[in-house]
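Report on the following structure.
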């Protein structure tokens, strides 16, 4: 028996007193600020964060911000932030490496989304699958090979935590380049499903109030953004028994009309796709509908963008992906002292995972990790998403069981495509990449058109 | 070492002198006449053919014809033909059972093809996959369960040779009902590929003239009508080396325009789909293009029927499936003696297979048979199509090896659907059948439309 | 993320306030007293324990003791103990079923151990494998079928916790009879390995003192009593790095002579076999040496009993298995009030597992459970031993990875034998059981002798 | 359909008119003379045989003999024989390579057999498994790596036909060194089983007389020298039905006493082991008893050599393996013209296989070949023995199905050992080799003795 509570540390705390975290993509204003927030509040680990970014200026500003924040009142962590000009330096001797790479140049987004649309192929996110996902994969692979090679050379035993999409392909590329790497990929989408289930628990279980999403114990299986949940418990209550009731209340699906969400956020999500998948396949789709819709050929079989609103979601136009919002202005205010950095509960897990891997507090969460038996009906070694138990120095995926045959069929097709894309990216073989492109669920156009679209995207993105 | 030539029989010929063949669907005018033709020319086996058909009249006429033909000049076989009123009687004590069931009522064809078309789903054949294939499967399963149960009760060791489509589902249903059954399914489509390769040998090998299709040694793998060939030899020459040359000559693909084949046969086939698949995936599709096109979402992604002619094939309208042609009149002429039955080389293998299973002459051909390792990357136990070696009492599939990952992905999706349809048919579970329906390559419409189409077909075909 | 700490219960405690535990083998004086001890100290669960035993008298005494103990000072749990005359009654409506069956009649032990010895086959324990393990399995299977059938009929959703040996066969028999059963098997042996590793941590890690066995995080894989550990961490320290140092210190192996342990306990264990296996195979055998030695043909290849002492263990003579010790006298003193039941820390997990399954406090421990991917290179569905994460209503085995090929070879042979024994026991097929018998590692005698031994044991044990 | 008869060649015969066969071990007096015999009688292929041997003198004599024999009356083949001083020259441009390597120096045999005997480990053959098989494997691997590397460099598309033992390890080493090699291994043992079955057919089938072994159609599966047959047909008669009758007649087994065969040939074989395996496992062991006995721990669990005679076989003493017989004298008589080479029906298949691979006459036989699905329950890629269909340029193993679990267990253990030995041989890792050594069925001695024996053999054979 192994108690899973927080462990009192025996004697010295050397193991946790001088931790180095290398951060690839350290110039970001989203994820980097979250990390600063979380480390500043972490009481039992301290050390150095080495930021690296192709935009060194941005990394340097983040370092300055980080060092300032840890001195703020309310900050308990002792951390030093440094910006490095070389990836090698940033990772050298690191115990942990966090990857959250700056999105690729804006133009690529525009191509990824707008060019396929001229062929009648619409995408809601375009970051994982679909034509956009394929090309994003091909762009990411060389970057992740380089990261893996640097880890092998400069910090071979480090734990690498990836946040960048396409999650599966990036994480898989790390293992392909350096098979002994210790790497996991983290994504939020399943938390959204846990929130939905928490709401159902509140709605249907008499004594349930203020149910926290993280108290919903879910069995997760599949691949990132096309994950599935087939069991959910809240304090001994089987939450799944209420799904049928909820489904009946939501029917008929889809429940909306084109235009219903014209004024809404591009990121709106009503779980209609998740419930429709549950209705047909008996398993709940466990990612946002914008993601789920891209993995099957049906929902995005539309003639013009507004039609997808029938399912309670919107197409994210490429323009919405370019604008960086008010980040830069905010940063200036922070650095000038005009605005104080406000600590919050981030919901991010990276620091908790660091603590778990340091042996401080075991953790169960869902991770993207090579398949070693956790989903025995998917390709061995492919990166899949399931729960894992994280303890000192070990990430052990929890067995999630098999998928129903038809769901497995859909998931496995994407697993195969992603494996093929990694192989194609490593070999520089565009013909091979095209085989995966054809097998993508959204590519149902005539073969000569598919070839033309592929060639057009290759030509446009050759430079990146 | 086992010599594969014809074997001289030692002593008595009891093993082959009194063979009983039960024939389910014995009232047909196509396949039954071929069997009469072939048995009448078979010198080393004799016995009885017991014909059974729901249309007893038709079976009786075929019996009369058969008995008359074996007395004709030029007939060497000694066979008696009998028509039976019960399936049980026809199969009782049989060593062989041939199934070539009368097509289902005409209306079902109309529904199978015309109703999906109103949803924008076009099918070239509609006998194996696509909405038509799904419903044809659901209709066939109860019939094949009954056949298998009758075999178990009346001739448990008989070899069952199936010709009816959907080939995979029918053959699989036999094994599902009676796991110890000895059954194989036979189909012509690969012969067409061998003919194509024979033509290529003639065209590209200097010394090759009059190459016979059956002399092309091919490695076959996949499922019926979605088979693939990855190796072909003619007398030690690797025919595959010429495929690229031929592909280059045929490019660009597709090579036609809508309307190009308006006046042609509905069954026309130019191997453009087969070559396009070869171009993309590196393996030759090994069935007629009308079949191949239905297994992937691309070629039939058309807005109106004539568009498919770009690929050198036509949609077969439901009307073309109803007309039985001049069969009945011909039969009358045969029976009245106005026309003599003319013997021909049928190209059918059933009689050769009977002879092989009787230990007379070993045979290698492609068969549909449960997967016992011949295609190790497809579901174990599913019915697949590969070469097999047929010797006395044994059908041993020949290992065909694995498929490239993306081709496997496409084939396995159909394998899964067909397994699910059999499960659904046995359980009478339409919700389960709908899961396979959604995963069909041609079903890329909105989920609510797919449900409506499925429900409409269920309602229309409930009576059959 | 799912926090793994103890959870505060929201509102009512109905889920944990009226729990029924059925106890098969409830007349025992070992395990039953431990359960009474642990439940009496459990603060957050209460309910009823229904004891069933073929020796009803003994169960009734335990019930009386239990009811008395929970009233004692220091007891915090509210539990009622009842003895039932029928298994059905005891299990009816239970949420948990504990099985710790009285050992079979004394004579069987004598046969299991003494008869094989006349053929030169010596066994150290004879409860899992070897001739004794085979026959014990055959005796246990009918009993476990009956338990499973009773669970299906009277408490189909209950969690069954088995403690009886042969662990693998008993647990597997439960699943074979009732595939939807929720059952796990628990064994102490791995704790002994954790203790060994805790000692190594203390010895080799500078800052380590008083290392608790349960703080050693081990990766466990294999089958019960033939488990292996290939990773061990203590607070971020890799304990495995010290194994080689320790091995060098212990060499040469074996380190003793025949007779060295003549006066010692029959249960003595010096981990020499575990270290010798580590030396050869690179993995640490993770059970007591008395168990490990029986799973391979080498250590027990001896000509007379004392030779095994070279490896620091002794043969347990059958006489040592018969004597029940001072249990009965102690019971009398308890019930007469002459002696007070003294609470202790039992080290048993059953109550902690009950609490985890009720959603109170997650637990990671090693369990015997059907293989669903946790050990992907062993037979799917066979009962294997690995870590598992136990949360509300779920037992999720943790992926343990593959074994080195040669170790897998040895383990898989036992997996196969145990699967065959279950099949043989269910079919009542002694010829099939003999095939497993021959493949047992200790059966290396001439085939005619093996047959004679098997027949002799069958004849002797027919009555049980 | 593919007719399997001899094919008339169209037009020119260039494909078969100038074939080069490289022969490694071409100085032998057994196999080389058989090849000369068979080629001299082969009418439809001609070309050159390039002999290579470490004993060049011997190869040169064989070349001289070969050239003389093809000129003899009665010789129909047109072949030229040449002896080469380098392996590279001999194989350069070859279409076929035959390997039948001179046995290793005499002393190794003595060690392989006599040293283990001092530890109480007796071996009947010592060429495949057992301590002798392990060391013979380790000696052979470097030689076979060199052959494979030479094939890759000098005749990458050649078909390599291996006759050398240990068959599995040698053939597997070829594929390990050069994965694209075309190689098969051939062995006679199954023919002996076919002869046994032919005798049973004659004995039990009324109309059967003079049944030829090659007319027995058997389903073969397993690994070389530990093959099994589970189906056998002769002209439509199931020969397996008579095995029980024959077994009853032969019982009790073993049927002899020590000393019964003192004066007999060391190679005597009465199929008692094969029948005993059939009795226990329901499958017929399909190799000579001298081989079969070495793969399980039972039969050779003897205290002195004569005991094995109870099973109708003898131990072959190392002395019997050294003497080369009257070969040299015979050769002198041939070359001097004192004796005429007499043509015979050799029973060897190599020339028939050459003809099949040239597209002349398809052949079914049993071969040793990497597992690609023919035995789906054994390790993928390991070399296994099953039937195969050999046609122009292709060797396609025929699916043989699975083994009963216990037989699979025994066979798979050897498969694992052989895979490990190849890995150990390639890595030069004796510790790894020792793991296989321990798992060998005959190594049931104490671990410290096993280590001592292994070390002694390593020391003795270091020089070879």
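Lettered A, B, C and D in written order, each chain numbered from 1.
Note that in this section a contact is a pair of C-beta atoms (placed from the backbone, for glycine too) under 8 Å apart; a residue touches a chain by one contact, two chains touch by 3 or more.
This one's a predicted model, so the numbers in the text were calculated from it and none came from an experiment.
A.B. asks: Determine the set of chains touching chain B that also touch chain D.
C.D. replies: none
A.B. asks: Spelling it out: a chain qualifies if it touches chain A and also touches chain B; which chains qualify?
C.D. replies: none
A.B. asks: State the chain with the largest centre-to-centre distance from chain B, centres being mean CA positions.
C.D. replies: When every chain centre is compared against chain B, the largest gap points to C.
A.B. asks: Please report how many Å separate the Cα centroid of chain C from that of chain D, as a whole number.
C.D. replies: About 47 Å separates the centre of chain C from that of chain D.
A.B. asks: Averaging over Cα atoms per chain, report the distance between chain A and chain C in Å.
C.D. replies: One centre to the other, that is 41 Å.
A.B. asks: Just give me the whole-number Å value for how far the CA centre of chain B lies from that of chain C.
C.D. replies: 56
A.B. asks: Multi-chain contacts in chain D: which residues touch at least two other chains?
C.D. replies: Within chain D, no residue contacts more than one other chain.
A.B. asks: Taking chains as nodes and touches as edges, what kind of graph is this: line, ring, star, complete or other?
C.D. replies: Its topology is that of a ring.
A.B. asks: Kindly provide every pair of chains that touch.
C.D. replies: A-B, A-C, B-D, C-D
A.B. asks: Name, in rising order, each residue of chain C that touches chain A in their complex.
C.D. replies: Its residues touching chain A are 1-7, 9-12, 15, 191, 207-209, 214-215, 217, 219, 231, 233-236, 238, 349, 352, 358-359, 361-365, 372-376, 380, 387, 389, 391-394, 396-402.
A.B. asks: Sort out for me which residues of chain A touch chain B in the complex.
C.D. replies: Chain A residues touching chain B: 252-254, 276, 280-281, 297-299, 301-302, 404-406, 408-410, 412-413, 416-417, 419-420, 434-436, 438-439, 443-448, 450.
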